[in-house]
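The next block holds one structure in the form of C-alpha cells; read it before the comments.
Letters are used for the chains, namely A, B, C and D, taken in the order the chains are written, and counting of residues starts over at 1 for each.
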C-alpha cells in the first residue's frame, strides 16, 4: 500500500516482473501508474508491504544498490535545459563512469546526431523523448521504467520506444511500460495489466 | 510487489562512500576552534570602544565628524544638566574627556558609573547622542534600611 | 568514480549552465547595483553618512541577494533532476556538496563584481587585506547553507519565501563576522576571532551537509 | 517487512487516541500551576536589587523564559536526530511541540527583556548581541514552523523539519555565543555575582518555568498525535486518489 499525504494511492498491488520480459501497464488518469513506477524505481517507498527490486530490498537502504541499474523515463526529463543534447548525455555518461564515446553513438542510434549541438530548451517534446531513449542506450539498465511511453509521439518515435524496450529485454533486462495506446502496447509487451483505483488487474 | 532477479545474477551494490575520513577531522577541528572561541579569552578584544586615553591619544585618527564609541567612568561631581541633555566628564582613571550628551541619559546614569557614549569630537569636547550604561553583573540585596528608591 | 571527481563534474556542469545563461552575472548583479543606487537615493545627499554605511550596505546586499543566487532556476535543480542523479547512483552528498560549492563560486564572482561598484558609489576604500579572506569565506558559508535549505524546501509550493526565511537569519553569523572584522580594524583590534568564527561556521555547515546528505535521500 | 511504525502512533504517547488528555499530563498541570504560584510568591517577597529596585524582579520572568527557550530548541534538535535514526512518529511530534513552545518563550524573553531594558539601559531596543541573537532565534524557529506547515506529507515533513531542526540548532549555538563575542551591554552570565536570596528565587522560577514547558510540550505533542491518529482513522476505507476523477459529463452542462 502506498499513501501520499492523506490519500491512499496504491491499495493492493501484487506484481512480479521476470527478467527478460516487458509488461505493459494501462489505466485511467490518477489511477496510480506513475506512483507504481516511482516505487519500482526506488524513488518512493510503499507505506506497507514488501518491495524487492533486482534482488535488493527496496524497503531498506539496500535500495541504493539497485539504482544504477534502473532507468526511469518520467514526465520530466530532469535534464539541463540550457545545455545541449550532447552535453546532457555527456553528463550522464560521466556520472556513470562511462566513456563519452558512447554519447555520439547513442545520439546516432536515436536519430539525433544532427541536433547534438542544439540546446535542450530548443528541442521539441519528441526530441527530448528520443534523447531519453539515447540515455537508456548509454545506461543499459536492468530495469527500464517508461511512463506515458507513447504520449504525443509520432509513429517513428513510438516505434523507437518499442525497439528500445525490445533491446533492454533482449539483453536480459526487464521493462515496465505505461501507455494508453493499448493496441500498440499489446504488441510490445509480454503481459498487460490494468491499474484501476489503486488495484492491479491482469488483462492479458 | 516483487521484482524477481533474473538468472543473470544479482549485481553487487556499489560501495557506500565512507565520510568518516572527512567527518572525524572536521568535527575535531570544529571543537578546537569552538573551544578557542569560547574559552580562548578573546572576549576582551571584542568590545569595540575607545577608552578616554586611547581617544585622546588617537584624536587625529578620528577627525571631527567621524563617529566612534567612547567608554569611561562618570567622574563624581561633574554632572551638569543642560537644557537638552547633560554634560559630564568621563575618565578611565588617567585621562579625562569632557562629554556633551545631547539627549536624555538613561535612568541608571549617575556618578561613578561606567558609560559608553557614541558620537564625534567637536574640538576637544566629545558630543554624543547615544549613551549606554554599562550594567555591572552584580545583583545585591539592599542592606537594611538603606533601600534606594527607584521610580519606575 | 570517486566522490570528488563526481563533485567536480557536477560543479563544472553547474558553472557551464551559469556561463550559458548568465543568470547571476547578467540579471542578479545589475539588480543588486540598482538596489545600491536606490539605497543611496533614499538616504539622500549626505556624503559622509553614505561613506560610512557603504560597507554595511555591501554586506546586506550580498546577504539578501544570496537568496536569489541560491534560488536561481539553474541552481535549485528540479525534483526530476534529483531523481535522475539518484538513479545514476550518485551519492546524495555529491549532489548537495556540489550544489553548495558551485553556488559559492558564483557568489564569489558576484561579490567581487559588486565590490568596486560599492566603492565607487559610496566613495569608500576598504583599507584592509581581510577582504581577501572574508569574501570567499562568506561565499562558501552562504553556498553551503543555501544548498541545505534547497534540499529541505525542494518542490514545496511556498519554497521561494520559505528559503528566504531559512537562509537570511541562518547566515547572520557570517554577516556579523564579516562586518565586525571591518569594525575591529577601525578600533585597531585584531580580526583573528572573526576569521575563526567564519571558519567555525563554514566547518559546521560543511559537516551538516555531509552528515545529513544520507538522511535527506532516505525514504 | 512492514513499516507500520512510521505512520501508526506510539501507544506510549500521552493520549488514548480519542484526543482526551491522559492522567499524567493532567497531574503535570497541577504541579506547573503550583510551581508558578510558588515562584510568584518567592519573587515578590525576596528583596529587589539595590541599584535597580523592583524593576529587577522582571529577571524572574526574563531569565527563565530564555532558559526554557534554549532548552526547548535543544530538545527539538535532539528529537530531530532521534527521528532520523528511528523514524518513530513520537520524536517528530516531540520536536514540533518543543519548537512551538520554544517560540512562545522566546517571545516572552524578548518582551520582558525590552520592558526591562527601558528603565535600565534607557532604550527598549539596542543593537546588542543578546537582543539581536534572541530576535533571530525567534525568526529562525518561525521559519521552522513555516516549513512544517508547508510540507503536506507527514513523513516528508518529519524528514525535512528534522534536518532543519538540526541546522537551526547549529546556528542557534553560534548566534547564542555571540553575546561573548560582540560588543555588548547585556551582562554575561551572572551566576557568580548574584546575591544568595536572589539566586534561590531565580532557581525557583527557572524550575517552575521548566515544569510549565514540560506540561505545554506534552499537551501540544498529545494534540499533534491525536490529529495524526484521527488522520489515520479517516484514511481507512477512504477513496484512493484516482476516485477523485470521474467521467466527464459535457452533456449536462450544454443542456443547462
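Operating definition for what follows: contacts are C-beta pairs under 8 Å (C-beta built on N, C-alpha and C of every residue); 3 or more make two chains touch, one makes a residue touch a chain.
Bear in mind the structure is a predicted one, so any value in this text is a computation, not a measurement.
Visitor: Quick check for you: compute each chain's CA centroid and the global CA centroid, then name the chain with the smallest gap between them.
Guide: Taking the mean of all protein C-alpha atoms as reference, the closest chain is C.
Visitor: Report which of B-C and B-D is connected by more C-beta pairs in contact.
Guide: By the number of C-beta pairs in contact, the winner is B-D.
Visitor: Could you tell me the distance, in whole angstrom, between the mean C-alpha positions of chain B and chain D?
Guide: So the centre of chain B lies 29 Å away from the centre of chain D.
Visitor: How many Å are there between the centre of chain A and the centre of chain B, using C-alpha atoms for each centre?
Guide: 60
Visitor: From the mean C-alpha coordinate of chain A to that of chain C, what's the distance rounded to whole Å?
Guide: From the centre of chain A to the centre of chain C is 37 Å.
Visitor: Name the residues of chain A that each touch 2 or more other chains.
Guide: Those would be 45-46, 49-50, 64, 68.
Visitor: Hunt down the residues of chain B that sit against at least two other chains at once, touch-wise.
Guide: Those would be 14, 16, 37, 42, 46, 48-49.
Visitor: Return the residues of chain C touching two or more other chains; collapse runs of consecutive numbers into ranges.
Guide: 89, 180, 193, 197, 200, 204, 218
Visitor: Would you mind writing out the residues of chain D in touch with chain B in their complex?
Guide: Residues of chain D touching chain B: 46-56, 59, 119-123, 126, 177, 180-188, 190, 193-195, 197-198.
Visitor: Considering the complex alone, what residue numbers of chain B touch chain D?
Guide: 37-38, 42-43, 46-49, 69, 104-109, 116, 131-143, 146-150, 152
Visitor: Along chain B, where are the residues that touch chain C in the complex?
Guide: 14, 16-17, 19, 22-23, 26-27, 29-30, 33-34, 36-37, 40, 42, 45-46, 48-50, 58, 65, 67-68
Visitor: Considering the complex alone, what residue numbers of chain A touch chain C?
Guide: My answer: residues 41-45, 61, 63-64, 67-68, 70-72, 74-80, 82-83, 87, 91-92, 94-97, 119, 139.
Visitor: With touch defined as at the start, can you tell me which chain C residues reach chain A in the complex?
Guide: 1, 6, 9-10, 13, 16-17, 20-21, 74, 78-90, 218-219
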